[in-house]
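Next up: the structures, one after another.
Both complexes shown next keep chain A, but they swap its partner, so chain B is in the first and chain C is in the second.
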Partner chain A sequence: MSKLKYESPVIKKMNAGLMNKFGTRTEYQPLKHIDGVAVKDMIAKYGSPLFVLSERKMRNNYQAALRAFKTRYPKVQFAWSYKTHYNNAVCNVYHQEGSWAEVVSGFEYQKALKNGVPGNKIIFNGPDKSIDELNEAIKNDSLIHIDHFDELYTLIELSEKAVKKPRVAIRVNMDTGIYPLWDRFGFNYENGTAWNAITKIVASGKLNLVGLHCHIGTYMLAPWAYATAASKLCDLAWHAKNQLNNPVQYIDLGGGFPSANTLKGAYLPGSDTVPHIEEFAEAIASTIIAYGFKPDELPLLILESGRALIDDAGYLLGTILANKRLSDGRRATILDFGVNMLFTSFWYDHKISPAQDFTHHSEDQVLYGPLCMNIDVIRESVNLPLLNKGDQVVVHKVGAYNMTQWMQFIAMRPNVIMIDMKGETHLIRQKETLQYLEMPEEMPLHLKEFKL
Partner chain B sequence: MKLKKNIATSESGFVFNPSSGDSFSLNIIGAEILLQMKESKSSDEIKKDILNRYEVDKSLLEKDWDDFMAQLKDNNLLEF
Partner chain C sequence: MIEKKARFIFEGVINSYAVLFFSNHKVFSYLLIAVSFFNPAAGMAGLIAVLTAVFTATTMGFNAVATRSGFYSFNALLTGIGFGSFFESSAVFFFLLILAALFTLVLSVTLSGVLGKYGLPFLSIPFIITFWIILLSTKEFSNLGLTQRNIYWINEMYAVGGKPLLNLFNAIENIPLPKWLSVYFKALSAIFFQDNILSGFLLSIGIIVYSRIAFTLSLVGFFGAYLFNEFTGANQAGINAYHLGSNYMMIAMAIGGFFTISSVYSYLWAFLSVPITNILVISLSKVFGVFLLPIFSLPFCIMILLYLYFLKLRVFAQKLVLTPIQHYSPEINLYQFKNGSERLKNEYYFKFNLPIIGEWLVTQGYDGKITHKEDWSKALDFMILDHQLKSFSGKGNALENFYSYNKPVLAPGDGYVQEIVDYIDDNPIGEINREQNWGNSIVLFHATGLFSKLSHLKKNSFIVKQGEYVKKGQVLAYCGNSGRSPEPHLHFQIQSTPYIGSKTLAYPISYFYQGDGKEIKYKTFSTPQEGSFVANININKLLQQAFAFQPGYSIKFKEGNIIETWTVYTDAYNLTYISCKENNAVAYFINNETVFYFTNFYGSKNSMLYQFYLSVFKVVFSYMPQVTIDDVLPLSIVKAPIVKIIQDFVAPFVQLIKPKYMLNYTSIDDEYFTSEIKLESVIEIDVMRHKRIYRTSQITLSNGRLNQLVINEAGKERVFTCID
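Moving on to the complex of A and B:
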């Protein structure tokens, strides 16, 4: 006779009083499969912890976002935000869908070129572009988004020797009614600096002003802020055309669209509060169309969305290492992944599901990572079923920023796999090894030997 | 470890402490342990029974046992 399934014994005091309006449970279903592939099989094959990306979800997200904008505005182009996730396999999913590349550093620029993105379809953003990087971007006819006057004057100097006239845009910062105001990037709209930069570019005759760019923030929850931003960029474009006779070809509204993750301290879960991408599309497209451009003079609308296109396509699978009880009686669960791998747990209360069946008993608990650091907390308080050592869990919506901001600290970075459209798994980044870690290290001769 | 004499327990896992008025709910294993404690079985007897019938190894049960007893003590259900 087979034995009964065991669960740790638990006792819970019943409190009389008001019902919790959010219910008493946070998780009702185990997540045993992702895109039809069993979680336990993936962990058995690739180890734990393990990042899993769904190609299907990425493509669906992209197509839904493109449809949201294209049904409202005639000329739309997405540019994949490399900093959000620059694994080449991931980038190529979006390039296959038609995305250009949006990069903020020299190595991201090289990655985009190596991935096969034509130079003239790479947008080069950010405050740090070296002389060599700028020269290469000019040679490749890339779209250089100028961040500050020092860069503007450098480009004018470089253009003297360049064969091609650099194609540039300026990044504009502005008050859109939201806090914080990201005025550290680009030129300010309200105080006239942006207009000043535009006139300097046009007057120089050395640079080709082709676009205007802004990026008003991150995880933005206010579609109307994008309407304000679009209106201010349209105002600059309008004046550039009418006063300087320099019509711009595109307006780039950047990214910052949220995913459905729940921000720490939020009263309601992200899935209930985050506006749909359609609402952002409506705010932006209707503002530009209503501004007054002739139909054949409408600028191309560029979007650099990253998080909204990939966050919910990423999962982190992990295993319970241990349970313990803290001094105040709270249950603590130790996982085999920590903040070193799940950087976004500093910002989000990630949804976490058990990957196997469980009973209806649950307990409030703290989820810790395996690092010897007090800050290694994945969830300060979460109501989860009782998980035993060796049980597996799935963290949801981890596709954005984790696999670029992760830290090699105490533990090595784990395998990353992608599930393709047919349900096949592919290793897209191998887990790190000691050999990989020590590859760039050098040992001075006098330190090679010691006696203890 | 002995359960206080006046504690009322049910097979479904409901526990009532008449001296404090507190009520508790237990999961299946918790309920089984408490019922057997009420029958004055020794801790070794109870553990042996659970090991025989449930898919659990001795070390995990031992750890969980200590944790459960600490929870019962915290909730003022054990005799000193």
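Moving on to the complex of A and C:
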């Protein structure tokens, strides 16, 4: 028998509940394996902390989302949102499944091209597109989603010299009955700016208006808001067809579908409150189908979902560095990963599971990262079993945004691995080194040397 | 005007000859005329009689098509030849000849009316009746003498062709032929009341030229009679040259290849009909012998009429098919029928789509083991399954967990909403409602006697109303779990009556994908199989637009300096065709909004239109890179004459030459916003399992139309470009 673990005794306030001969229990289960691969083995092989992505989960999510839409609407296309996760291996999983690319910057655009996405299957969004980037997008016949009039005028100018007529769509913002109203992107629907932009495009004769785009928000919990958005885009499409004789070929509802993470301040866990992707599909598809287009004239429906397809396929594995008592008596656990790599801990109360067996005692505690910075708090208060130095934990649902918004602050970024369909692990991004970090740095001559 | 009429009469006369052998082959006609003049008086009398009949029929305004094809006058021809063969020419002779010709015409027209009602031919009955009447009556006409020319025919021959002809004739008669062969030739010549090998030989050549099938059938008739005679020991009763020719061989040709589509079965019937005819010949000869009347081809006529009427009354005729459209050639009849039944049979179906969006599993197909039984066996159940073949996510204890639940259900075809039931609650998972077993249902009326029904729909989910007209693909309601349904699924059936509980009707789905998990197949006019995943095909707008070919549409193609202008027309039967302005070539096509295909081509095979006809023989308006569209081409595209002749001989039994058309979708620039598609079609000719690529063509569609055709035939490349 191995030596029993020592857990320092603690005095807890008595919470009167029903008497239970097993004592109080936590809801926690240890998570020892991900897709059949032991957490311990992965940490042993790739170090800690470590990001783990499940290819199986990504493909399942994609297929479920596609099925939800494709069994309701005849023409559906997903475009992988690069900003959510632009690791090439991850992008290619979605491209293999049939996804196009949705990019919001020049470097994402280049990444998509390098991954082998044909130019005409890249959607170029965002308010910042340089002249060169626009020219390249025109040359590649990409779908350019115009964000503002200045961009629209630039495009008209560029089209004079272009060989191909640029294919464009406008981003529309609108009141869908939710807060906040994202009116900083695109052209407003209610005040007529969107229609104004459409007529300008058609009247110019220089641009080919092929689609309409909106992206009403992020982590949306209201499927009906999408029904409103779809209906307003259909209005514009209908008028573009009947008044301007310019039928649009697609309607792009963007993304914003939530994952089952729990938002900070939410009363109930996300897994209980977040609507299923089927509900979003139902709201969107039934609205467009019922709008009145002929069955063979229905526009293509494009979706740019990112988070809902990848968030729960990502895990962050970490190790306990230490634990201590705070001045007010609370327990604090210090982990080897912090907000520098788990950016989403600013948004979510991430679910965290121990990766090994534990006793039935649990305690409310603060989870700190390793940074020498006060803001480095992973969970402000979470009831967890008592974790000791060297114990391992798994953070759930970290696939979206973390590996694009992480930073080299105090610590560098760790290894990222993917578990493939057969349960094999593959390193898809090496942990950063000092050499990598200093690669772009330049040293002026007069600063080369110093004496202390 | 007169010239036109003379031309018309001329054609009527010429055609009357070949019709005797169920043909409209011009060369064969001229040969028959020549052979008839081997007995100059008979030949002359025949010509006069035909002329009289055609002239009268034309002048009196009988059906022009029938008159011109020789249909009314071939009996007069027989009467004339018979007249010339039996009687000595004189003034009375000519008078009676013309009278007899007119009488034959009257009988022909009358019988065509009487028998036509039953869809039966009058055959040589007018000739037989006329000749009987003549024979019975002329015994009283002392000025009309029986001729002896048939006995001294060598004199006649000499009179016509002099010594050379006579020598040729003698030479042929003296060729040491096997007995059966000389009997065969003589039997053929006896159809023209002659008795010589040369005529028979020429006739047999004529028959081969006209039809290889008819020729083999004449052998079947000949040997059938011969064998039967040997078998019964009938001592040649009923086996004289005339009966061999006019009854046995003719009946074999008529039954085996003309009135029915040639096949093993038609040959078998042809063979079996010979002994029966033989019995008829013997027995009828005894009856009519009393009146000293020859029975001529009466047994043939009786047999054919019986045979045809007998076959017509069948309810279900799959083998031994009566010729649907008469092309006056056993080969053409057979090839057209085969090609048509392989290619066009589906055009008559009402075109149903699957009532679903996306990919669904057929959980229960026709004759399913669970509920698709007895009168309700021809139905389909659909359900959505995920990649783990589960029908639900989560725990699967709520309707909302099921992928099929609340999914749109589409109209499978255009039609009126006949009936809606929308008051039955959806069952909780695992429970069924046997009281109202169909659950919420909708019945659509598509055509008289053709309804479709969708069941187990979600309560209060109907988007359409009773009496409303719905278009194919329109959302009707949502899938639910009402009625006899333990978990959400969709029941779909076609029926011939409008009720919710109507029994099912087996009816194909026109175009769909079917996958078994390994590969996806494109299916046409078939029934989705249980256990397979199915989905509707997606129509590609560019393909549909490029092949739209509305009447009045015109397109120009250029090859080098040559330009052809093709314009689309519709004819009186609402058939669409493309006509080339420069060379009058015509290509008939069908466009049913899902598929474009050619049905026929007439005109020069050097035209660009012909190349176009071969290149896009069939195109489905869906971009399917993984699929090969194939089709059967008519034999007429094959150029090798010897192989074709061999094929004709064995056509009823085996098809040696199989020209196959295959179309592949090679590239597309964008699946949704298509501006360019490339197709490649290949024609492969399979001669006795030796496959050979005959030609390939690359077709480029862009700018919403057909843009370029690159054809490669026998190493030669031709490029057609579309110009405005």
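Following the convention adopted for this analysis, the second predicted complex is superposed on the first by the 428 of 452 C-alpha atoms of A that agree within 3 Å, B and C clash if a C-alpha of one lies under 4 Å from a C-alpha of the other, contacts with A are read in each partner's own complex, and residues count from 1 in each chain.
One rule holds in what follows: a contact is a pair of C-beta atoms (placed from the backbone, for glycine too) under 8 Å apart; a residue touches a chain by one contact, two chains touch by 3 or more.
If you're wondering where the values come from, they're calculated on a predicted model, not measured in any experiment.
A.B. asks: Which partner does A:Pro440 contact after superposing on A: first (chain B), second (chain C), both, neither?
C.D. replies: In the superposition, A:Pro440 touches no partner, neither chain B nor chain C.
A.B. asks: Looking at the overlay, does A:Pro180 come into contact with chain B only (first), chain C only (second), both, or neither?
C.D. replies: A:Pro180 contacts neither chain B nor chain C.
A.B. asks: On chain A, which partner touches more residues: chain B or chain C?
C.D. replies: It is C that touches the greater number of chain A residues.
A.B. asks: Quick check on the superposed pair: does A:Gly329 touch chain B, chain C, both, or neither? Answer first, second, both or neither.
C.D. replies: A:Gly329 sits against chain B, while chain C stays out of touch.
A.B. asks: Who does A:Tyr6 touch here: chain B (first), chain C (second), both, or neither?
C.D. replies: Touch status of A:Tyr6: first partner only.
A.B. asks: So in the superposed three-chain picture, is A:Lys70 touching just chain B, just chain C, both, or none of them (first/second/both/neither)?
C.D. replies: second
A.B. asks: Quick one: classify A:Leu386 as touching chain B (first), chain C (second), both or neither.
C.D. replies: Touch partner of A:Leu386: chain B, not chain C.
A.B. asks: Hey, what residues of chain A end up touching chain B and chain C alike?
C.D. replies: In chain A, nothing is touched by chain B and also by chain C.
A.B. asks: Which stretch or stretches of chain A touch chain B in the complex?
C.D. replies: For this pair, the touching residues of chain A are 2-14, 323, 325, 329, 359, 361, 386, 388-389.
A.B. asks: Using the touch definition up top, name the residues of chain C that touch chain A in the complex.
C.D. replies: Against chain A, chain C makes touches at 356-360, 384, 386-387, 393, 400, 403, 406-408, 410, 463, 471-475, 536, 538-539, 669-670, 672-673.
A.B. asks: For the complex, give me every residue of chain B touching chain A.
C.D. replies: For this pair, the touching residues of chain B are 15, 22-30, 33, 50, 53-56, 60-61, 64-65, 67-68, 70-72, 74-75, 77.
A.B. asks: What residues of chain A sit close enough to touch chain C in their complex?
C.D. replies: Touching chain C: residues 60, 63-64, 67, 70-75, 77, 120-121, 167, 210, 249-250, 276, 278, 282, 285-286, 289-290, 294-296, 300 of chain A.
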